[in-house]
Amino acid sequence: MSLLVTAFDGIAFGCLLFVLAVGLTMIFGLLDVLNLAHGALYMAGGYLAFLVIGEVPTSLAVFIGVALLAVVAGLVLGGGLSVAIRPLTRRGHLDQALLTMGLAILLSEFLLQVADRGFHSLAAPRGLDGSIAGSYPAYRVAVIVAGLAIAGATFWIFERTRAGALVRAAVDDPEMLAASGVNVRRIRLSVVLAGCALATLAGVLGGPLLNLRAGLDTEVLVLALIVIVVGGLASIRGAALGALLIGQVQTLGVALVPELAAYLLFAVMAAVLLWRPAGLFGRAT
Amino acid sequence: MLRLHELTMRFGALNAVDGVSLSVGEGERRALIGPNGAGKSTLFAMIAGALRPSGGTIEFDGQDVTGLPEHRRARRGIARTFQHSSLFAGLSCAENVALAVRARRGLGMRAWLGSGRNMDIKREVTGYLDLMELSEERPAGALSHGEARRLEVAMALAQQPRLLLLDEPAAGMSSAESARFAELIQNLDTTLLIVEHDLDVVFAVASHVTVLASGKVIADGSPAEIKASAEVERVYLGTAKEIWC
Amino acid sequence: MLTVEALTSGYGQGQVLHEAAMELPPGKAVAVLGRNGVGKTTFVHTLMGLVKPWSGSIRLGDDELAGLDTRQIARHGVRIVPQGRRVYRSLTVEETLAISSGPGEWTIERVYELFPSLAARRGHRGDQLSGGEQEMLAIGRALLGNPRLLLLDEPSEGLAPLVVEELGRALSSLEGMSIILVEQNLHLAVAVADEVRCMVKGSFVYQATTAEFRRDPAAAKEYLGVGS
Amino acid sequence: MRESVMRGGDARMSRLTRRLAFAAALVLLAAMPYMLDAYRLDLLAGGLAYGLMAASLAFLVGHGGLPSLGHAAFLGVGAYAAGLTAKHVTPNVALQLLVAIAAGVLFALLTGWFAVRTRGFFFLMFTLAIGEIAVQAATRSTRVTGGDNGLADIPPTGLDVVTFYWWALAVVAVGFGVLVLLRDGPLGRSIAGARENEARMAALGYHVTGVRLAAVVIAGAVCAAGGALVEQKDTFVAPTHLEIGVSVLLLIMVLLGGRQTLIGPLIAGVGLIVLRSVTSTALGELWLLVEGALFVICVYLLPNGLLGRRRAQAA
């Protein structure tokens, strides 16, 4: 039974990881930029909510309002990010990664200065702070529902709409898309904005699950990176599958073999890289 | 010395190279020609070891090397140049060639070398650079196109290969450059296999010519025979005379 | 219609086009012929802005295209069917055509009429198509932009003879469209083109109507054949 | 590379001047105990250790073209190995150092074996993940490492501040010398070759994966030596020593000093550690913000680092 609960926790965690990783993987697919500020964006969402509503439970409406506020913040930060990386387009991958890492430090340290360096956690909104089916926390179920809804919406947009088709085409062959007269730069900008907004949204969603603290940005960034290493770059399916897998590995690992949990993640990543160097859904280059 | 037997490479449904058998004798200078998509580059990559064939065997010096990785073939004496100059752009010309010399002498992984050996290597490097008319200290990334092509060859020569594979060495050269280049190649005494579009270069350099079309060998002979072959003219000019009034 | 003057370009340090000059009469199809590696692909890539011109001029009607980026050139009504087709691998036929479609006389239905076998595969992704179907999709994608100038780069490469014939019929039916066709397959080239240009070492050295070209096997032998 | 490009025909002469400068700097540093008080000497020893680790990272990133985002893991491996040796085996600092280096080599082989098979972004991500996983491992393996509280009760080295400073200086000088010699030797050139063009290296007969792995092992071993010094100086090591922040600090040193050189990051390392300590009372936790800003400024304005820029102008 407790194992089942843990597995369920893993699903909730996996959903959270997906919301975070999907933006990371698409920004990479379209811009060829590894956004190491993605973890800091997550943290920004969480701290924004903490600064607005504190640690006391609020009504669901207020919580949702804060989540929307975080989305707006994500859009703004995403705009800043795409302006910041533009001068470096010709400077190679390392410089771009280093820049986003520098921005991540600035952002997360700024947040820690504004709040403080202690541990904080958001409270689940009223109505979702109880438990269902005996003892399972209702908020985790809500995260699963929200995660699945976001995943579903993402899939629908990418796979069923014209906008999604344009994004996929821009990943496949941006040059040919430009040769059809499409403004590829605008598509890239939209994806950066959407990806960053999803990251800050994930920060609010995850607020009641993971403690807000110094170092949170790197921790979630690394998990999201492992997700896309495992799933394959620029693949939505890969991000989804990777997120669920890593969510389980991490949650079950920590519960069952706490001393080995870290190596378990490494082992999964190494195994996938050896077996399929481009990730489960990645493209061989 | 090099013997290909029924060599085949499939990409999906396409047979890029389709049962090619071919042998190159010691000291021969063989050119491979054919229209785009004939499979020349694929064949080349298989001989060099960069691609694993889907079928058939490659024999070098009487031994089956089909399964050997590229760097092991290089050590057995197969050297290649690349279709698009593939140099160490940030390193000097001398360092480019020195990497090849040290690799051949098995010194590439040594932590340190005595000055005697270093001088020895330097002398050898200078020799190859002189042969290809290049200066030592310029970074490879700053060379003109023709110079870069010559540095390609200098590096391959520094491997002292028994078989030298040249992949479109004259591509992008001016007529004057490619004529001078053909002269330089003619003076080498290595067994050569060369893929080249510039037919002037091919006929100036090659002792034998093999023509490939749609992955198959369609003609094989001396340059004179190839020039006269109706079959070769057909693949180059289209399927038939019927378009001519 | 299209006037190209003294066009030079290349990759990195390697110059490929040497003062290439040609004219395309409005509504005509011109075949660009030449041996491997003479710069035909670079020529169409430079027209499309995929390779930046070093110098020279590309005038389409009254517009100067040299120096514009690919998207701007596309906005001026140029479309390319590239070598190797480069269809979007993760988009279905239907999706590819939908995102390529602009206002004008070409509609998705009309593309399906031109290539019935494409209609049958409308739900398949680009990487699930055969070479011939990919070629048709690439052509359809270009046509939906209602191009003033259509660039075709070796459409017959790697295709079976029957498929090439079907392509030839389809392309011949585009009567009145301004086309530059790079081809190795002389059959297809003379079937589709009104005029012929031959390229040697990055420059145009020969021009003739297709009819004149067909009476002049010596020219073909000189510019395209093996003997010298 | 860009460096070897800039070395013109006067390479031999500049090598001589460089050796002289190195010797002079060494003499000057060795004389520091007669000029500085114990506190500053201790600080300088720490700075030198970080400088050495920055140089090892520059070897990997600049010379090897292998951009590691988790180099602090090697610091941690060296520090924990030295600390555990001190605690359970021997008080001999040299033996502790050797164990640390051996641990660094082992860790480099273990993780590098996977890492060098990846390219570009995968390498970045992989090293970042290795670094983070190392932190977790150090935190969670409470029985061995003391978990979050760090490895406590490490017996002191028994060396006084001056003697320890000389010991640290000797280790840094030798470590740095080894890096320079290896960079300029055949293996170092092969590593540069693998950075510039892997395909060509394979065609020349090199085992590229092996060459790349050698770069990781060299950098890892030298960094572990630096980690051992850090532990010996403070007789303490905790998971915070491995955190991404430390990797970032090392990267800033590399960027600031210029990734094409080894000496630049060494100097930047010493400078940054001293600067951090001097300003720590004034800035407090704002230091990390300063660090982030420094990082961003480096990427934008100093692609070649302070030293690299000067060299480019001189050439």
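Structure notes:
For reference, chains read A, B, C and D in written order, and residue numbers begin at 1 within each chain.
Note that in this section a contact is a pair of C-beta atoms (placed from the backbone, for glycine too) under 8 Å apart; a residue touches a chain by one contact, two chains touch by 3 or more.
The structure presented is a predicted model; accordingly, all values stated were derived computationally and were not measured.
Note: the chain lying farthest from subunit D is C, by mean C-alpha position.
Of the two interfaces, B-D and B-C, the higher number of touching C-beta pairs belongs to B-D.
Subunit A and subunit C have Cα centroids separated by 43 Å. Distance between subunit A and subunit D, defined via averaged C-alpha coordinates, is recorded as 32 Å.
With chains as nodes and touching pairs as edges, the resulting graph is a single ring in which every chain has exactly two contacts. Chain pairs that touch one another are A-C, A-D, B-C, B-D. On the side of subunit A, the complex with subunit C involves touching residues 162, 165-166, 168-169, 171-173, 175-184. Interface residues of subunit B facing subunit C in the complex, by the touch rule stated above, are 13-14, 33, 35-37, 143-145, 148, 168, 171-172, 174-175, 197-200, 203, 226-229, 232-233, 236-241, 243-245.
Touching subunit B in their complex are the following residues of subunit D: 1-2, 4-5, 8-9, 181-182, 185-187, 189-190, 192-193, 195-197, 199-208, 210-211, 214. In the complex of the two chains, the subunit B residues touching subunit D come out as 48, 50, 69-72, 74-75, 79-80, 82, 86-92, 95, 98-100, 102-104, 107-113, 137, 139, 155, 159. By the touch criterion given at the top, residues 10, 12-16, 35-38, 130-131, 154, 157-158, 184-187, 190, 201, 211, 214-215, 217, 220-221, 224-228 of subunit C touch subunit B in their complex.
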